[in-house]
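Presented below are the structures under discussion, each in the form of structure tokens.
Each of the next two complexes has chain A plus one more chain, namely chain B in the first and chain C in the second.
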Partner chain A sequence: MKSDAKQTMQLARDVTKSSSLPWFFGLIALLLLVLGIALANGSYPISLQTLLAWVVGQADATSAQILWEVRAPRVILALLVGSSLGLTGPLLQAGFRTSLADSYLLGLAGFAALGAVLLQQIGMAGFGTPVLASMGAGFAVWLLTQLSNERSSERRALIGVALAAMSLSGLSLLLALSQSPTSSNVLGWVVGGFYGAGTNQLWQMLPFAAIGTAIALMLGRIANLLQLGDDVAENLGLNARASRNLVLMLAALLTGVAVGTSGLMGFVGLLSVSVARGIFGTDYKKLLPASALIGGIAVSLSDVIGRTLIAPNEIPAGAFTTVLGGIYLMILSRRAS
Partner chain B sequence: MTSPLLAQNITVRRGTRAIMREVNLEFKAGEVTAIIGANGAGKSTLLAALAGLRSLQHNEGSVLLEGKDMQTLSKAVIATKLAFLPAHSSVPFPLTVRELIALAEPSQTAYLEALAAMELEPLEEKAITQLSTGEAKRAWLAMTLSRNTPILLLDEPLAGLDPRYQMRLLETLQTRASNGACIVFIAHDIPYAARANRVIALGENKVMADGTPLEVLNSSLLRELYGVEVWLGTEPSTGALVPLPTRAV
Partner chain C sequence: MKKPFLLSAALLAGIALAAPIQIRDGLGRSVTVNAPANRIVALSLTATEILVDIGANPIGRPSSATHPATALRIPDVGSAYRPDTEKILGLRPDLLIGSVGTTAASARQLGALPIPLIVTPDSSLKDVYDTYTLFGKLTNREAYAKARLEFLQSRVKRVIAKVPSNVVKPKVLALLAAGGQSFSTTDETYIGDLLEKAGANNVAKGTPSADPRQPGFVVLSLEQIVAANPDVMIGFRAVTATGAPAPSPFERLEQSSAWKNLNAVKNNRVHILSSDPFVTAPGPRAVETLETLIPLFYPKQ
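== the complex of A and B ==
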């Protein structure tokens, strides 16, 4: 019947829709709260009143200058880096059909950093760091797909760990051999953060982050079908191979955009998608936007804690995400045993 | 009338190796066909080729779906006509039975019918990863059945099911065929293959036999095919052929 054909499992959809919306609103509210805290806090505290006045263009000149030129770019960068990394979690899980998928764990982030530094050294700096980093991450994806196969997620995880280790060693070596070999150069890449970040980095990464995010959010159905395996997905109308390549290359782009901006931030993707699964279940149409929101919240919060906890010194945001991710992996392995 | 599915002179390859050449098979609407053969005979590979999931090289034949070369049809069009279920399916994440079936985007009626056919109502909200092998198989079958396509290709659909659900499935397939569907399934259990309208036996890199169960499931062919002696009985109430392997030879 016509009405029945249109009601594609209406009952199932109604149930899932009604239970998800409050959570999405909650995440958005939490994100706005974190952004507000990030904008208000720093060496020059800004009150909520001043912040609200700034939003409507009525703040005093000093506060407005600080917010526009220093704080807002950094806060937006942290948000974009976090949401980009958050998206890599579900994308890599869908592309590799395994929960053990994270851009840091699989070596994409390490190769993004290595790629950026290496390609800069050979004169490609004009492309911009996010682009060079994306190329590095893309190379890591290619290596992973060549060296592992769909049936062995454990093997892929091992290869990823090897790639991650190799990339960080290569990065240290390159930087040691570079013209300005300071330990802070290495540290800045290996433990990512936003110290000194400003509008230049924001304009460099914004177009790629925006395009990557927009495309990723449209891939919910593709990601859902990919988890069924290639034969079933193809029979349901998907070009599985091309779709998987798109999903993985997008993960590489978003990894590169994030790492090229802030350096390595461990496990943001894995943490984001894991929390998202706990709340929203297995539907990638919800997991993708949820992971982006959670990643944005996590990195923004890590940054504001990092720059206020021991002010005027800073703890890089990447230090928090890597420690949290490591703890989570230990909990995961304990549950698996 | 155009056949729903027609393999014309196809070469069936496993990787780069050709395992069967010049295979010609026509599948009709309203017919349930069982494909049998020893391990490694090429049953699954043939079925995947019929489903359009294995590219045919130039000059190695074609598979026609309702008269059109499948390689010229989009995957979206094929998806509306033909549902395929591999022998082994799994998901890496704990989708519920409902979520799995929903990925096929069935209508509400089709969803409920498929759920009922496989008696999955009590398991609807259970995660696939927490089900037994047979229960998970039923969920995958329900997903495939819910698509209500005119052609169904099922690789070992009875494997892992207990006798009740094996019979439920066979009855469902017979009902669908009587409503015009074209059904092809791979069977390892010879008694269940006997319940089909037609049996195709694969062996020695070719189609060894193709006909009714009475024509194909004879002692000498089954001895040649499987290396077993088979007792051929008749079910008293229906007169259906019941072949039972008795010993390996």
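== the complex of A and C ==
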């Protein structure tokens, strides 16, 4: 039994090993391109020369100030939020074994926002929104695992969608109860965006994003083993229950980091893992970094478009990801049927 | 003998001119500003209009700040509620000024910029007067600001004198729509203050605020409105970014069958006004505001 499984895995590894490296280089190049576009574009005109001059420290004071204080933090923030959300795709797929692998669709993101808003109101604001949001997302994970068992992934997906709907109506309730002429506070959570992003926010979320990403990228082997089913995985020496919990906890943490920073952004996880699967197959050691890259690209691109299309007004990045992701989901479902 | 004296006097005057001013603004923030501030970006209609009025034109304004006509020549930095931080920094300002009603929502993000930000209180006519004085100090135009302030105050006084003193005040309901709900205002707000001064008996008076962080904004139910049975109803319609007409604050109320039995509806005394300047632009156009409101309350003048 043991050697059969091992042989299968070795075979799978050989089959998928062949052509991934150039794809990775391609993704990294694309990411760098998008980051360059994001830095070079904004409502204050900064030419390519100025941008290059800034890199070597020779740009004029105003452009340098805008790049340091406004644009660069925002671009990095979009990248980190995107990569965090991208990682939740494969993590949730491995942990829950569902095709609806998205923190928005399964209710983690909605509960993250709800958790952050509620916990802030009872005086826990000092922990910082990424932490509060992670607690909310963790609660959603706990609910999901309690309300469904590992056998039926369909049922889990449905419960997740119900949780997502509940959390959104919970947010609407808070909006109605707050009865304030400027309730944009809660509204700002529901459509995620990076308005006014700056270095403060960056420092607040960076440690969590960095740690979460680092650990997630090391879980490739564990995620692969989880896919084989608990029995086989246990036989190969894995503590399936603990591993699954770790994977899901990370998904909650990364969701919290992202939602706590910029509000709800739909479908990034699902988009990332679907595209990654199309290119790299089923090996999580490749899916995890690929999804992070793709998610980073998607959100960075959405933010750049959103803040330059109708400048000086902004379309929040969340609007784009939700529409894009929704369209992709529809295409996906047509192919599946 | 005279030279060192003159020199030290000039030095002292120089220090006084460049002295930092410490202010507690309308959001309770403690701000230190180096006066005179020569490159101010105005982030509210109030700041724009008052700065222009005292002859200290700002170098940036929100896109909705279209009064007076001279303000249109000033570069726009985006929506007043979400000004564009890149554009603001691109103008190289040395001071940002907004007002509580407009800037409170984005104060956190704007406060993180390396330029001092002052958010002036704007919940009464007196706040407007105090802002004149403050701006005069900030731009080293105290004498001229004082003159403009006194001019404004005298015009306000003259308009208010038209309110008849020995008649029963009409019961007035003022509604404004915000975030999908309709709010009324007590005299703890600028528009509530002006309603009082224009001789209205505000039916919202005494109602506790819906959100303690925004005093003066109250929610009145249809039952309360029917019980109060106002003589005059005024709806302030928001100005939308796209120019498309915003919903009337009476939209939902009009659906009710109780609507047509209200005094104001029966006597054709329901008026829709733009929220600019009545609600969103506390400032020198207070005179215009009063001149519009008083005849609505006392038509036989």
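In this section, the second predicted complex is superposed on the first by the 311 of 337 C-alpha atoms of A that agree within 3 Å, B and C clash if a C-alpha of one lies under 4 Å from a C-alpha of the other, contacts with A are read in each partner's own complex, and residues count from 1 in each chain.
Methods note: contacts are C-beta pairs under 8 Å (C-beta built on N, C-alpha and C of every residue); 3 or more make two chains touch, one makes a residue touch a chain.
Please read these numbers as outputs of a predicted model, since none were measured by experiment.
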Which of chain B and chain C A:E69 touches, first, second, both or neither: second
Touched partner set for A:Y195, first chain B, second chain C, both or neither: second
Which superposed partner A:N224 touches (first chain B, second chain C, both, neither): first
Residue ranges of chain B in contact with chain A within the complex: 48, 51, 53, 74-76, 78-79, 82-86, 89-96, 98-99, 101-109, 111
Contacting residues of chain C [partner chain A, same complex]: 63, 76-79, 81-87, 89-90, 92, 104-106, 108-110, 112-114, 176, 178-179, 181, 183, 210-211, 213-214, 217, 219, 241
Parts of chain A lying in touch with chain B, wherever the complex brings them together: 1, 4-5, 7-12, 93, 97-99, 153, 224-225, 227-229, 231-232, 234-239, 277, 281-283
Touching residues on chain A, where the partner in the complex is chain C: 42-44, 62, 65-66, 69-71, 175-176, 178-185, 187, 195-200, 311-314
